[in-house]
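Input: a single structure, listed below in structure tokens.
First chain written, first letter: the chains are A, B and C, and each begins at residue 1.
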Amino acid sequence: MLTQTSHKALVCIQCGKCTGSCPESGKTPFNIRALVRKKQFGSGITEGIPWYCTSCGACTIRCPRDVKPSEVIIEMRSAFIENGTVPLAIQKALENTFVQKNPWGRSRNKRAAWTEKVDFEVPHVSETESKRLLFVCCIQAYDPRCMVIPVNVANILNKAGFEFGILGEEEACCGNEIRRIGETGLFEELQEENAANLREYGVKEIVALSPHCMNVLKKEYGDLGIKVSHYTEALWPLIEEGSFKTTRPCPKKVIYHDPCFLGKQNNIFDQPRNILRSIEDLELLEFSRSRETSLCCEGGGGRMFFEVETTYQRNAEVRVLEAAEKGADLIATACPFCVMTIEDPATEKGLIVKELSEIIMEVL
Amino acid sequence: MSYALIVAETRRGIFEERNLDSIGICALLGKETAILLPDGQYSFNEKLVDSIIRVKADEEVFLNPLNMTAIIEKVSEARGRPDLIVFTHSSSGAESAAYAAGLFGFPVITDVSGYDKERGIFFKSYYSDKLFGEFKTTGGATAVLTVRSGSFKEFAAEKAAAPREEVVEGITASDSRTFVEYVEEEKTDIDITKADFLLSVGRGVGNKDEIPAYEELAGLLKAVISGSRPVIDKMWLPKARQVGTSGKTVKPKVYLAMGISGAFQHIAGMKDADCIIAINKDAEAPIFQYAHYGIVADMHKVRDALKGVLKG
Amino acid sequence: MNILVFTKRVPATQEEELRLINDGKDVDFSKLPFKVNDWDNYAVEEAVKIVEKGGGAVTAVSIGNTESDEVLRRAIAMGAKDGFLVEVDQALHDPFARGALIRNFIRKESIPFDVIFTGVQSEDDQFASVGGILAALLKLPYVSMVVGIDSVAKDHMVVRRELEGGLQERVRVTTPCVLSIQSGINEPRYVSIMGIRKASKVERKSFKGIEYDAGKESHIELVKWVYPPKKGGAQMLGGELPDICKKLMEILKEKGVYQ
């Protein structure tokens, strides 16, 4: 069963709050308010335009009429998808997901390759007592840069005595991006496949490593009767109750970037910050735009797979410049997409980007 | 008399180098060889074959499968059926080989890259070289082969005597398929996905002022220049030159990556190149895991040294 | 114009290390996903584009096991009118055997066509031969490596075929004929899952390969498969700069990209 969030374009009063909050507005040809207007009148949409949306969700959160402009975009994309006119890079990501169950088309048989780097044998979820599933995410299962994240988190949770298992090769892409790209049919297939496995193995709880996976599993898989959380939500109580301790100091100025799918879309602001604050000597800095107003890194909504036509200053660079100005030694975040997008300009400015688990591993 | 018939591949008056592999496999099989050539003057070492059969037909007529089969029939009438007909594994070679096999009912094995003489086994690539199939022909019919470039040329050896010259005349060109013209690929808008040789530069290039020197090197190498995302992002190279998931996916024969560390997104766009050569000063750069050849060095120094070599 | 286009379901091997079983007699496909052969995808798209513009119908044909129905549904979702499955229980390794089977099928079932499209090759065996063999068996003109169809007239077509080094050859070919379509000739449309589901409602016809003497005409025998010689990671070129440059130039020459 699929929970479809439907938009209400017709009640839009064109106030422009969506455009005001949109990370693509102004610098690109993408104007969310104008697109909702076009939807109201059923006017034609210029090919290419809907693909600018990063699915950050700011418009939907800010809308006073609950129009859900981000859902309007998904519907527009769906029309292009059904029509077969899709940017080539997006098409590739979809075809790859269809064949190998991940957008990069890497071998499904290698989805659990990261477990070879873990200190202990990671069990299949069916073999656990708790039936608690660590949902890994495609990019973290395959990308050499992001693969450290599941390795770290597995080691950390294991050290904290927190039992979990994985689906291994049986895990399919969660479909969060696929749904936002507008490929509803493919999203349904992924959802059905994952849901069937969750049922078969009697999974009782899911700890997702990526905010994107967490979002879709929690909100868009229908009622699974399974508690879904992000790993920072699971880890913080373990630190608080003393089951997990870091031992070494980290005398650094760390600025935390809120991932859209963790922060503004799921209100998880404090746990990652609390985890960082629990580290000795670590000084936590804040961006001027943080928490609900955090600036999107532009990695979501399919933008991880495809580049829009215009060249402009990337938000990631804006973030890096501010971090440098504030005197940060490193930028911390809790999402693999944010790591990937921000690291590029950061390296150039001599700044380091780390996912939370990487910082924890250094102070174990 | 038993012999192998080699169908030469020529293009606009040039005798293609890969014909040597066709000659080589015949030598390896110990066959007497006759090479078929269209009208024209071709420069090659004629001593490598026993006979040269010159066909009174234009290159464009010759390289048409409908005419090639008629030519093979004429040759067979004149000197008996060959045991083996060998083509290059190229656009025209594979086309005519398949057509000839179908028309004459001969066994065909394409893209042959090895031969085991003792067992009479031909090796042929499967799944983009992930596996090789060992093939035998069954029955006594003439075998048709297309041969992979670079596989057998070392076996080509000069014969004691100069080749005999023969002529085939009276070929009537088919009118069901006719040559119209050659078309040069448009050069105005470079399509990096069509290039055989890409010189790709990455973040390691450092700054915009270094780019022209790489363009010059690409020119000297007759390579097409491309780049990874950081280079495109800064608009040091146009967007159409971007390799990677957010740019183009390329499959050149050679991908020369200079100063590219090998981000996942980039690798996905070029990993299927036949040959990847990576130059990076960081020995740990992930690109070395995907490259066939690696050079740990300063890309600028390699560039300048190569330019020196190429300019003589 | 009625176009008969052949489409094959192949294992997606690009990312996999293949494993041989039964002493190299078989490849272990048990854990591999399958997909449409890339070249055939271009061929189907090209066929659909032609009939969308000039009328007619596309019929997709697949030779394979029952699961090949998947590529027929896909072709229908792209715009083919019919899908025919010629069921064979074993892979036909010999392209001649495949060509002969197709000829027998077309003749026996009196399948009408003006033009036949095949992909230049299939991703698995890469023989690049079935189109040419089929054309010869049907006594039809043949053009391979087609990268452009410039014009379609009542009794002929003008097409461009790809040669080496960016050169193309324009040829005129009378119809009926067989064309083998090269990848890159077009940009195949995206086929959505919804589209495939809709296509499933179009009835596909199934034929038994045995009726057309499947495999009877094999001229070659696949003795077994073997692994390629092992190569581990990049071969590092060391030494002083002039040596490195020399080795580099040798590689470029060997690969045929620099003379």
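Convention: contacts are C-beta pairs under 8 Å (C-beta built on N, C-alpha and C of every residue); 3 or more make two chains touch, one makes a residue touch a chain.
This structure is a prediction, so every number in the text was calculated from the model and none was measured.
Central chain by Cα centroid: C, whose mean Cα position is closest to the mean of all protein Cα atoms. Of all chain pairs, the one linked by the largest number of contacting C-beta pairs is B-C. Between chain B and chain C, the centres computed from C-alpha atoms are 20 Å apart. Chain B has its Cα centroid 45 Å from the Cα centroid of chain A. Centre to centre, using the average C-alpha position, chain A and chain C are separated by 38 Å.
Along chain C, residues 14, 16 each make contact with two or more other chains. Multi-chain contact residues of chain A (touching two or more other chains): 105. Residues of chain A that touch chain B in their complex: 89, 92-93, 104-105, 142-145, 305-307, 309, 311, 314, 344, 347-348.
Partner chain B is touched in their complex by these residues of chain C: 13-14, 16-18, 20, 27, 93-96, 99, 123-137, 141-145, 158, 160-174, 177, 180, 184, 218-228, 231, 233-238, 241-242, 244-246, 248-249, 251-252, 254-258. Residue ranges of chain B in contact with chain C, taken from their complex: 11, 17-18, 60, 64-66, 69, 90-92, 94-103, 105-111, 121, 123, 125-139, 141, 149-150, 174-185, 193-194, 196-197, 221-223, 252-254, 272, 274-278, 288-297, 301-302, 305-306, 308-309. Residues of chain C that touch chain A in their complex: 12, 14-16, 31-35, 78, 187, 189-197.
Of all the residues in chain A, the ones that touch chain C in their complex are 81-82, 84-86, 88, 91, 94-95, 98-100, 105-110, 183-186, 188-189.
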